[in-house]
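Both of the next two complexes hold subunit A, though its partner changes from subunit B to subunit C.
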Partner chain A sequence: MNVQYVNLKNSGSLRRLMAAGVAILAVAGLANCSAPSAPDTAKAPAAAASVVAPETDDTSARRLRLMTAEQYRNTLSYVFGPGISIPTAFAPVQRTDGLLSVGTSFAGITAAQMEIYQKTAATAAQQVVDERNRNFLVPCTPKNPQAADDACARQFLAGVGRLVYRHSLDQQRLDGYVKEAGATATRLKDFYAGLGVALEGVLLSPRVLMVSERAEADPQKPGQQRLDGHSLATRLSFFLWNAAPDDLLLKAAETGELHTQKGLQKQLDRMLASPRLEAGMRAFFDDMFHFEDFNNLAKDAAIYPVFTTTAVQDAREQTLRTVIDQLITKDRDYRDLFTSRETFISPSLAAIYKLPTSPGWSPYEFPEGSPRMGLLTHISFLAGHSHPGRSSATLRGKALREVLLCQVVPRPPANVDFSAVENPKGNLRTARDRVNFHLENPVCAGCHKITDPMGLALENFDGAGQYRETERGVAIDATGSLDGKSFTDVKGLAQAMHDHPAVTSCIVKRVYAYGTGSPTTGADRQMLQGLDKNFAANGYRLRELLKTVVMSSAFSKVADQSSAPAKAASVSPSSVSAE
Partner chain B sequence: MTHQAKLLTAALVAGTCLSAPVFAADGTASPVPGRTIGYVMTSEYKAIWDTPDGKLECPQGINNGPREEFKILYPEDKKWTILESQLERESEVWYPTLKPQEKLPHYESIAKVAFGIDLNDKVDDNDYTDPDGNKGIDNQTQRAWGCTANYRSTSYNLGAFNNWRKYAYNIIVIELTDVDDLINDTDVTLTTYRGMDRPMTDATGATYLPGGTQRVDMRFGKDFVQKFKGKIVDGVLTTEGADYTEPSAGGGSNIANVRYYGARWRLSLTGERAQGILGGYMDIGDWNSAANQTRSTHHQAYGQAATPSIYRALMRNADYADPKTGQMIAISTAFKVGLTQVFVQHPVNEPAVSANGTAPSATSMSRD
Partner chain C sequence: MALNRRRVLRGMLNGGAVTVGIPLLNCFLNTNGTAMADGAKMPVRFGTWFWGLGIDQGIFVPKKVGLNYDLPEQIASWKNISQHVNLFTGLTAFRDTDPNLCHYSGWVIGMSGSSPKAGGDKPGETIDITIANQVGRTTRFKTLTAAATGDVRSSISYESANAPTLPEVSPINFYQRLFGPDFQDPNAPTFTPNPRVMARRSVLSGVIDEIKTMENEIGSEDKQRLDQYLTGLRHLERQFDQQLTKPEPIAACVAPKAVTSEPELGGESGLMARRHNMMTDLMVMAVACDQTRVFNMNYSSASANTIKAGYEKPHHTTTHEEPIGEHGYQENAAWFLRRSMEAWAYYVEAFSKMKEGDGTLLDNALIYAITDHGYARVHSLDNMAAMTAGRAGGRVKTGMHIKTEGSTIGRLGYTVQRVMGIDVNAWGTRSNNTSKEFGEILV
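This part shows the complex of A and B:
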């Protein structure tokens, strides 16, 4: 323990990070982060891209983002192997424009958060240099394991540093880490202890924890800016893999290949074919679907004994597995997620679905005639958007609007009197009774008309997602409507969602914002419309959407923020009526 | 449907009781879709009728346990070698004898009431009447176990085999087939299996949940498969007798099997639960092996259960003779059992039932 303390006090990384600690990360701070021009790649032959990106000069904003815990874990796992355990969780960030990933551009660092970063880096570093791992994770053997060996330390730190910094370490920085490793090794008479301390400093570096995008002049478009090669590689990698770039992507950035259409397409194809894509897209949908809420989701065990802690985690996993299977593995139409009966079940979920199953996860297809159809009938949606002890047509309708259609439902006024609908002795026996009560009050009706008609179609599922036909002895009426389409049951709602134009424009908007790390604004409308059309033309395939976004001008071109106001300052509020 | 999903669905359809029971508002179920319903055992207690202070059925008091008996046999006023004391006692535990032990009296319950089932369709002098007034109840372990703290309802109860999630070996599954109606049906079949999955509990961990799935072990578990013919009257299933081997586990995953000759079930059924009595003539040698294999003397001492003395009491009250030798080998007994509904999944291409109505083959446990 003393070793960590002494050396961290001497660590320039910690001091630098502490100095940055009170800052709020924002794009405005990046105005002077332009890097020297990259090699001129303007003359590189244009690639025959398989996806036609919208022909625009759209730009996105440069961002300084805080790496998420999962990105940190994924990165270290890819660099050092899955045996390195990173159990700590970073502080949550505020969801912005529907995504936590966008919120990472608006995060602050507290002293407590600093401590978590330090512990996480120390834990990882200790595992890497541990006797069990050092022989295959450290590419050289010190001449004397009880003394400093600058050459070996340099070889290791240069290689690792490039991967976690997402670019090669400059000589001065590398020298500093080697010196740190040597001094500690000499003091403790242990080469690997020294190496561990230096690695801890690397992993704790602000340049590792903060993803800073840098711009350079675009040689193809004089007067315009583009991300430099490393920043583009980083944006691409965090977008598709939710992890730092690998060696090949960094090489493509270093050689300038990434700034050519052909080079970018080549890397894109490689990344889309990689198993890491699954982790990347799981992270995206986990973010889009607000699944971090499952970390704290609890139900009244007396009312829903079947809704165990295992079921909570499995509900989240079920949807993610289904989405990845449908959209990535099978490359299906995104809209079919709302009507598909194919999914996966586990024993804990099977008890809720009242189905037999095998241990572990099994693919399952609900039979024709089953009320289970599409994402809306997954337990993650039904239970995730219900009260602890009962279902909620309002919460489900609100989630449907906000999460899946990218609309915003106004918050209820602070002085709402819930007593009438919460009185258990009242004569409001079903959710529909309670909703009707809302609609009688003009103050409530304005918003409840937006959320409840489609939420009521899900009333055949209780607060844990279990199928039911009655509520308090009264037969459930599951009729409803969504933006002019009426239906009599959840199947109708599923089809209405499948056909709703906002379903596809919503995921386009989210994918774009997730990829660029920026909230979308009114200025992006035309570009998003272009992406929408392209998405439709490609059969609403997610893989094609990812390609289109990456190959779009906006993904690699950035606004000249030395003269333009920071985009982050204007997150446009959208609402049901506005969209 | 994908090929994989089709395969799984086909496997489930082929091998699983897909009939989700229809649950009525009062928790009962009537028609059973698919005519099949499964349950997994989630509680099993020795069915001892007793009173809180024991004065009525055990006027002489509660029996001594291993520690008390050891002190009596090997008083501290004399120096004993290990061979004379610990090893001698250890030998007695594993190879009990019927030699009278005047120093170690074993008190028997004198209750006239006992839980259980009429196992031989006769009303004999030694038979009990159960709390509901049914006569001819065969449960001689009421006498042998009734004054042993370990098995009494008011005591620390090592007889409560509530280890269903702790061990993997002792998962007992029953499957009712040919069920037209869970309330009244004149001809149903109950088949026992060893399950392979730990029963599922609710969010509190305190209650077993219906709706789980149990794969049945048809590879190593055929000894535990037995078929019982039965009928359901007013929601209560009663079966005819058949020999049954029950898997048990305890004490650090030690396992042992116990044979019950002429076993019968009486269960109140709902779509979610079944509870009642499992009765039968328990093989006393199997019991002794199982008791000592799955519970150390240390743990038996908590409940004052000294197996050498209990063994003698069981043999003294034995009421089932080996048909071949004529020697008494078993004693009538009863267990209070609780079961929770599960979907039973049979291996694909494996016959659901292979029992032929005779005693399952001998297990690795030997009778002395």
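This part shows the complex of A and C:
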């Protein structure tokens, strides 16, 4: 099949995006509070369309990205098998344009991080050459295991080096590693000790841990640049698999096949059919949904004894399982994530959902009439965006806007006294009472009108995500609204999210930025519009979106480095202040 | 050529693995242990300590100025340490025309001397790194950072704007990093250099060479990151070198018992205190063993989410929502702040209990403690408090309350740098710029 580069232009989605942004602006204007930013694309003047170059000239920036711990783990697991245990966490990076993945294009390296790299490399190498593993992980047997064997060392290091460097080692580098392996083997009278030390060096290389994209002249487009074959394979593989390319992908890069549309499509189809896609997409949604927060999430055990440390991890897992099942396994409409009752349950979560329990993970469908419907009613969303001891309409509303709609809620003003929300007379008993206080205060109202009306629709769920009908003895009013749509309960909110145009444009923006490692800017507006349009035409199916992004010219063509400075976009605020 | 202990041993190794029996050689210290044998003074160490959410003036600030200041209820826990602590009140973090970035501007100014313009505007090199670049280049770790929050994002130390220092958050991991298999006990009777480390050291040279091959592939803004990678590899190289060299004996250094259990994750104040105190103990011994000369401890993060068991609001939310109680202050917020100050007291006392020569480790240290706000309830950046602890090898007087009448917090940052021997004539930008020390505390 000869697939053409996708035409990403002339979409009508800009109008929908702008409509959403303008609606919020109008609310925000009430209280002299800067508005939540709609996606950058929405802010760009429509007239800019006329100066954008033809479609095949869409480019992205070349990046130097730091490999994440998960990418390192996945890569070594695919090279050496799942028996190699790499428990390390790397240093956190700054979330940039909504994604940690984009932050890896700008993150620095500290001395402490380098120590972690070294320890991780040593741990991995030691396991590979361990007596239990060497016979099937090292493809040759040394003539004498107590002496150097350059030929065997070379065979092993060349094969492994190609997979973790993501291209063949140059002769000089390979010679260097073989020499080090030999010298250590001689000194220690142990071939495998030498091999292990050399492998440590390989795994500590900047060419392994820093993903440097290289460009070359595009023979089809004189004067333009494209990623070289290995860099394109690497971008593709980290995007879809969250791991380095496998042998077949590297071969496609080496033969030039990857630079043909047919060859690229062939590899794309193969990768989408691979079980590795699941790990790749889990990593994407873990990033998009800010699930790294779960590494540190805890509730007050005195208030929520049911919210155990196991429940914290299971809450994250539940949502990831659901997303993969719906979008990858069943290839369903992305918007249905917000209304679907299908999910998975574990024993620790069953205690919070108040369901009968069975060992392990089980598929589960909440019945019609249940208030549980879609991602917003998952414990991951409800508990993840609450206080340790109570719910928070504001935190939930803020997350809904920033995480799922790609908008930015302004920081709260500095000099506001909120203490009236804990009135000693006790007449502010529910979350609605408390946030209504904000809405009466003009300094607070502008921002809180952006977050609270939809957050209040989730008040039937406490800070641990447990269903409730009253708060302090008062029946909960779960009415709310979202950008002009009013509803009386969480089902209405779920449907409003399903139908919200920014829900789909948001994931398009995130997928593209994740794939290229670059923050999106106004210059990407038309291309993103095109992706939106294709996403809609393909029934909002994630697999089709991935294909469209990979086959876009911007995925493989890069701007001249001098015209695309490595500059981070605005960074999302880390947290909202108190309600 | 001057012969020292390291040079002698390296010569004996001659590239091979040997075991050397070595008695504890006190000849490398002077007779009373207050200085190195060559006459140099004991090294002066620098530390920071951070707590979130400021102070409540009315119950924190002593009435008495100068020595022997009184201890209002918020700092009653300082009774065993006040003689070691200088308390500075009435400080201001000037933001000039920049926005008040809640829970951010205050500490950024305290650590960098400059007001951030936006949330994404990270401090560049912070004060601890500036000092570490001067005094920390010979130790195993240039700096050590720990956070009792359990969150690896809790750091006020930045090597550069894109490289926050990574804190240790697990006492078990912290122990392993400090005193695990790579620890060289300076008082061990024998010394066996690990031949595998020699091999690692050798392989590293090739890895360093690879950096050069990447320089032409990347844009100018990424070159700094490549340089950071190179600096990191040089750091590993130094660590390997140290592992191959018998360290000088250090009388105070006794590797602690292995840490095998730790508090579970979470912000409950009891868990936080246990985590803080366990990591403090490890940090103190790491400094005593000269593993580092610059160290940072974060008790809580800015906008701290510390929990009081059974009380529905974490510390941060409490500061904003709790009304003034019958005693004239926010009683639950005050409860949280008392816990913070108890942690500070533990930290200082732990350094003061560690004997070094004829004094204590604290005598040879300067600890700089800051927070993010003055009165957190309204996110104020005036009337802030900060502390120093320790005599910095006799360069600093202690036990005083200094009422600053609105000085920039940059003045304290400038003072501690001068004490630590940084050759800087002024520090900070715009209204935080100063070339005036707090002379009251200088000897």
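The definition used in the following text is that the second predicted complex is superposed on the first by the 501 of 579 C-alpha atoms of A that agree within 3 Å, B and C clash if a C-alpha of one lies under 4 Å from a C-alpha of the other, contacts with A are read in each partner's own complex, and residues count from 1 in each chain.
Here is the rule we go by: a contact is a pair of C-beta atoms (placed from the backbone, for glycine too) under 8 Å apart; a residue touches a chain by one contact, two chains touch by 3 or more.
Note that the coordinates shown come from a computational prediction; the quantities given were computed from them, not determined experimentally.
Enquirer: After aligning the two structures on subunit A, examine subunit B and subunit C and state clash or fit.
Expert: These partners fit in the superposed model.
Enquirer: Kindly classify A:Ala301 by the partners it touches after superposition: subunit B alone (first), subunit C alone (second), both, or neither?
Expert: The answer is both, since A:Ala301 touches subunit B and subunit C.
Enquirer: Where does A:Leu272 make contact in the superposed view: on subunit B (first), on subunit C (second), on both, or on neither?
Expert: A:Leu272 contacts neither subunit B nor subunit C.
Enquirer: Which partner does A:Glu365 contact after superposing on A: first (subunit B), second (subunit C), both, neither?
Expert: first
Enquirer: Using the touch criterion from the header, give the chain among subunit B and subunit C with more contacted residues in subunit A.
Expert: On the superposition, C touches more of the residues of subunit A.
Enquirer: For A:Gln118, is the partner it touches subunit B (first), subunit C (second), both, or none of the two (neither)?
Expert: So A:Gln118 only meets subunit C here.
Enquirer: What is the contact status of A:Thr309 with respect to subunit B (first) and subunit C (second): first, second, both, or neither?
Expert: both
Enquirer: Using the superposition on chain A described above, determine whether A:Ala158 touches subunit B (first), subunit C (second), both, or neither.
Expert: Neither partner.
Enquirer: Using only C-alpha atoms, work out how near subunit B sits to subunit C after the chain A superposition, in angstrom.
Expert: 9
Enquirer: So which bits of subunit A does subunit B touch that subunit C touches too?
Expert: Looking at subunit A, the two contact sets intersect at 299, 301, 309.
Enquirer: Touching subunit C in the complex: which residues of subunit A?
Expert: 62, 64, 89, 91-92, 94, 106-118, 122, 173, 176-177, 180, 183-184, 187-188, 193-194, 197-198, 200-201, 204-207, 209-210, 212, 214, 295-296, 298-303, 309, 387-390, 411-412, 414-424, 561-562, 565-568, 570-571, 573-575, 577-579
Enquirer: Residue numbers of subunit A touching subunit B in their complex, please.
Expert: So the residues of subunit A in touch with subunit B come to 299, 301, 304-309, 330, 342, 347-348, 350-352, 354-359, 362-365, 473.
Enquirer: Looking at the complex, which residues from subunit C come into contact with subunit A?
Expert: 99-103, 118-120, 122, 141-143, 145, 149-153, 159-166, 177, 195-196, 198-200, 202-204, 206-207, 209-211, 213-214, 217-219, 221-222, 224-226, 228-229, 231-233, 235-236, 239, 264-268, 303, 305, 307, 309-314, 316-317, 319-324, 330, 377-380
Enquirer: Okay, in this complex, where on subunit B does subunit A touch?
Expert: The touching residues are 1-2, 4-6, 8-9, 12, 16-18, 20, 25, 197, 200-204, 207, 209-213, 215, 343-345.
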